[in-house]
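Here the chain labels run A, B, C and D in written order, and each chain numbers its own residues starting at 1.
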Amino acid sequence: MKQIFQYHQLQKEILTPADFEFYAQKNLDPALYAYLSGGGGQQQTLKHNRKRLDQLQLQPRVLRKLDHGHSRYTLLGHELSAPILLAPVAHQGLVDEQAELASAQAAEAIGQGLVLSTLSTKRLESVAEATSGFKSFQLYTQPDRSVTYDLIDRACGAGFASLMVTVDTPLQSSSLEARRLGFHLESRVEAANLAEYAHPSTIQVTEGESYIFQGLMAQAPSWEDIRDIIEYSPIPVWIKGVLSVDDALMLKSVGAQGLVVSNHGGRALDGVPSPLDVLPSMRRALGADFLLMADSGVRSGYDIFKFLAAGADAVLIGRLQVYALATAGALGVAHLLKLLSEELQLCMALTGCAELDEIERHCLYESK
Amino acid sequence: MKQIFQYHQLQKEILTPADFEFYAQKNLDPALYAYLSGGGGQQQTLKHNRKRLDQLQLQPRVLRKLDHGHSRYTLLGHELSAPILLAPVAHQGLVDEQAELASAQAAEAIGQGLVLSTLSTKRLESVAEATSGFKSFQLYTQPDRSVTYDLIDRACGAGFASLMVTVDTPLQSSSLEARRLGFHLESRVEAANLAEYAHPSTIQVTEGESYIFQGLMAQAPSWEDIRDIIEYSPIPVWIKGVLSVDDALMLKSVGAQGLVVSNHGGRALDGVPSPLDVLPSMRRALGADFLLMADSGVRSGYDIFKFLAAGADAVLIGRLQVYALATAGALGVAHLLKLLSEELQLCMALTGCAELDEIERHCLYESK
Amino acid sequence: MKQIFQYHQLQKEILTPADFEFYAQKNLDPALYAYLSGGGGQQQTLKHNRKRLDQLQLQPRVLRKLDHGHSRYTLLGHELSAPILLAPVAHQGLVDEQAELASAQAAEAIGQGLVLSTLSTKRLESVAEATSGFKSFQLYTQPDRSVTYDLIDRACGAGFASLMVTVDTPLQSSSLEARRLGFHLESRVEAANLAEYAHPSTIQVTEGESYIFQGLMAQAPSWEDIRDIIEYSPIPVWIKGVLSVDDALMLKSVGAQGLVVSNHGGRALDGVPSPLDVLPSMRRALGADFLLMADSGVRSGYDIFKFLAAGADAVLIGRLQVYALATAGALGVAHLLKLLSEELQLCMALTGCAELDEIERHCLYESK
Amino acid sequence: MKQIFQYHQLQKEILTPADFEFYAQKNLDPALYAYLSGGGGQQQTLKHNRKRLDQLQLQPRVLRKLDHGHSRYTLLGHELSAPILLAPVAHQGLVDEQAELASAQAAEAIGQGLVLSTLSTKRLESVAEATSGFKSFQLYTQPDRSVTYDLIDRACGAGFASLMVTVDTPLQSSSLEARRLGFHLESRVEAANLAEYAHPSTIQVTEGESYIFQGLMAQAPSWEDIRDIIEYSPIPVWIKGVLSVDDALMLKSVGAQGLVVSNHGGRALDGVPSPLDVLPSMRRALGADFLLMADSGVRSGYDIFKFLAAGADAVLIGRLQVYALATAGALGVAHLLKLLSEELQLCMALTGCAELDEIERHCLYESK
């Protein structure tokens, strides 16, 4: 796990965010790369995410005075330089020794935000100490309810600004290619945040029971769990992994203060819509003021602009973050965030938007 | 014809149902594989079947309590562990010595159903003795009417629960590739069920007659034949190979108790719709309670879920069955059925369905 | 120019009409094959013809009594075994020494019809003597009006049943690939029918004139020419190369008794619709009884069925005819016509049509 | 930089305008070719331009009397032999020593028009002297306003008939491939027209400012700049790079006398519509008499016809011009213009149009 580039080389070699994918593939062992880059099942969702982003077109505008323009975004009182958050990618130690500490420093340096995974390589307390930038804590509910609540307490204590509870992956496995290459996540990683708790017992089902329904789904978070967490948490609770307008309305009504429209980058159920498909109706249903984030498939600042134009307020960056981290550590992530911001600003400038709230549906070209 | 895998290897190597195709191709001689895998004409239907299944998207739902979920299905009083039937693939002795005996044992072991072909390698009586699981008998009407009726008598006597009369292949030939590779079905197989009857005479047409109309079609089953069979049969009669709503309504009105919406896996007329295309209107026309099965193109439990969501009650598995049989005999077929059930349950869990009757059109994502 | 196959081999090697293309390509020199197979410009039309035919789907029907079925078709009082005509492909001597004599014998043997090109290698009188089957004469109007009229007189005298005047190629050149391979049509062929007339003078335009408008188009047939020919001709006049409903209505009103909806197999203007695109509106506009033929892109009897279902009464076979002729002479063309008829009958049988006039739009599957 | 062909070879080797691309690629160094041929970002726009042109179909018409036909077009009182203008491609000295002098001579020889770039290799005064054909001057507004106005004065003084102000590229960079191949435009070229003025100072932004908004966009032309230029200019002002109907209406209202609907050949913002997408609504909004030009993606006279049918009055030729120049200098460009005109006339003849104003929407086939 060496980093390929020093910063002066980075600026020369990495012209677009997508270039990090090329170098990550070169730098990582094939099984690990397959794990990081792969999607669920036959990877229909993975491909669909790109197809929809590529199909969407922008509507250029000319001659507007934009010398006062900017992409600043205020989230829970923090001003970010752009509405971009590092997604809560688990186990970043797989690609960089500094892991989430590096990502956190990069986000702070560029003035953007971080969401730390429950399954981070570094303890949440260490990450919190290492950065004064915006940070949210991603929560996977744990089989033992008291562990879940302890994680919430620790995140609040460490100064995280919000919780982001992931609800779309009660069932998930590595990509087929990763499994064929012999990738075993468990043998490579340790979840530092959970190290102090007892290991949950292995799932057991009896004859005639379903491993999926009576096993995995029996441990999955329920509406009741979410209601309880929202009631318990002193900081705002966001829910990650929503693709249904009905679910979204229900989540708003039980007190969620933000949603991430996401198909988990194609890593969860295969064959589902892209966030781009559902964002417009999501926004209409939830109203203009509700916090809607999105991710899945983003490979450029153009894609971020498209998500914003389709209804999102902010966008999370998952795989690109890991690719940049694997390529050049904290410098890589910082360069990535800079490139993404500049491409976003480029789209704003050429569609005539001086500020984020001018990015609307009419910035997308709709063929007649 | 050796089986490649023992069971412990199976679980390691075969991660998805589609993997059996890879190993079957390795294990079988090219002409036989071409015969099994090929479709009619230019294989437009074959490709269209996959395209439509791949295009359809699922609508995920989150946070529902599903620990009571299951995929059990009751068919003519038998409880199956999932609504999956082994399709009546002819001549299974081509790929495994145990042939239909192996398939039958696998279906019973996993708690799913079997449809035995008129053209099975093993006698229907032997297969019936080998399994106490659910079994239906597929009937090809014979040129000699008394033979048809004797087959019905034997199937009833042996304890088959229903007849499934195939009506979509009065004209069929091997795929072009199989024919180019010199595949001759006749020289390789014997139809055990028909061995005791006189060979039907070769089709003869006179000058000016059409081999298709005055030859083959003169022997094809007619509406009258179907009416007579329904009247004669003491067990329910299902009809396999229907793609027209008008035909379906007519079949219901003459007493058919179930239909299989099917294009024969692309082996019959080339260039026709997928069952997915016609299932919704079929269901609307026939009502919620009429038994609708489907097949053609299924390569995963995801595909089964899509057929169910589009209107089917149960799904038949053809080529995958033979691929699994060719790969690992009865163990292969059992593993296949287990993988299919789990993928089906995965789709149910992630779309929020605890039981089969919750799988409806709104589980499919319809783009706006 | 040797023929590859004897008849007993033909039946073994040529399983579908499209197979002739493979053998023709093997048998002919590349420049000639490029000339025969190529289309105009960037070959958009050529590809579109296939795409539209491949997209169209058939609606299967089951259980109809079809033992009285047939594909017989009556054209100007002649009964053909199927509504298939050999298209007026020019210069058949390029691929076979017997040229149009061979094609004519094949058509007669199978009971189908022939349209002979003005630019045939064999004299129209010789072809007429060689066959008692149905024959029409294709007419290219000539710069010298008296030559045009003499050709009409000769065709009538020789017993041709109709004239088919081609109007879509005032401007045409060999495919780019043929030109790059150095193909020069003029150095290879002689038009026997025109040998007795003076060579038309080379087109000359003066400074500032357009070679296209003042040169080629000045020699192209006009509405007035067509009216005059219809008035002059004692036999019915059909017009070949129509893709506009307005043109079709006008042609009907001036006395044309039949039309060929055609884009000249993609050899004329590049980037135009397929006959399949326009046949339905053409049929609605002209009424059920007007004679509508079609060609362009046909590679199978399935395609013929699709043209008939879309509104055509009969279909012309161009490239396939030449490929069959190049592969096995008269035997090749006869085998081709037999295969096409059988595939057409197969489609009829499986969509439940006993006779041609039952082939209608509802035999095509229209997705809802 | 040698020219490949003499004229007699040209006519033999170059059968279509697109053939020049092949020879240019052979003749130019890879980095330069990548710069010329590439598009912005992921080249979505570049590909979309071709896709839309290829999708559009023509509606053939037959038998019209067209011997009086022509493609002549009058622009600001000049009669051109076809509505084709050489686009203002910058730095033509990159591919030919005679550069814009060669292009200008070619345009004059064929009777078509030229638009000279602000960034031409040759001084505008030299080009003006070298041709008496139609010429317009393309204007990039300069950071120093007095330079902009001096350029206008010089263009008027030299006899240019109009100004064409480009407004769609305040932000533009070389294609990724060109940058990866080490292409540096600045080290290769000099802008002769700007040589006499002080070099503009490098863009500087302070900490917290955006290089895009406070840097580049602060120098971009604004509505006010355009209004001032229109007021100042004694010759008609056209605006190049418009894709929004609202922008177009605004430009008309402030006095622009013509527009070029363009996405800069895919070199500006990536992921935008083709001119073909917006031309019909543009024409409806601006009225029949407003001068609408278009470019982007044109590779043939067929494409020119499609732009005209979609609503354009004239079409600009960019990359093809450079490819022809790189292949055979002035002779190459002249041959290109001749081929384009002939293909345009071919489309006119086969869709039944004798003059340009008969080319309308109904010349395009609209599928029902």
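We take it that a contact is a pair of C-beta atoms (placed from the backbone, for glycine too) under 8 Å apart; a residue touches a chain by one contact, two chains touch by 3 or more.
This one's a predicted model, so the numbers in the text were calculated from it and none came from an experiment.
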| Residue numbers at the chain A-chain B interface: does the shared fraction exceed half, giving same, or fall under half, giving different? | different
| query | Can you name the chain that lies farthest from chain C, using the mean of each chain's Cα atoms as its centre? | reply | A
| Centre-of-Cα separation between chain C and chain B, whole angstrom | 43
| field | Mean-CA-position distance for chain C and chain A (Å) | value | 60
| When you draw the chains as points and link the ones that touch, which shape shows up: line, ring, star, complete, or other? | ring
| Where on chain C is chain B touching in the complex? | 15-16, 18, 54, 56-71, 300, 302, 342, 345-351, 354, 365, 367-368
| remark: chain B partner, complex, touching residues on chain A are 41-42, 44, 48, 167-168, 170-171, 176, 179-180, 210-214, 216-218, 220-226, 241-244, 246-247, 263, 268-273, 277, 280-281
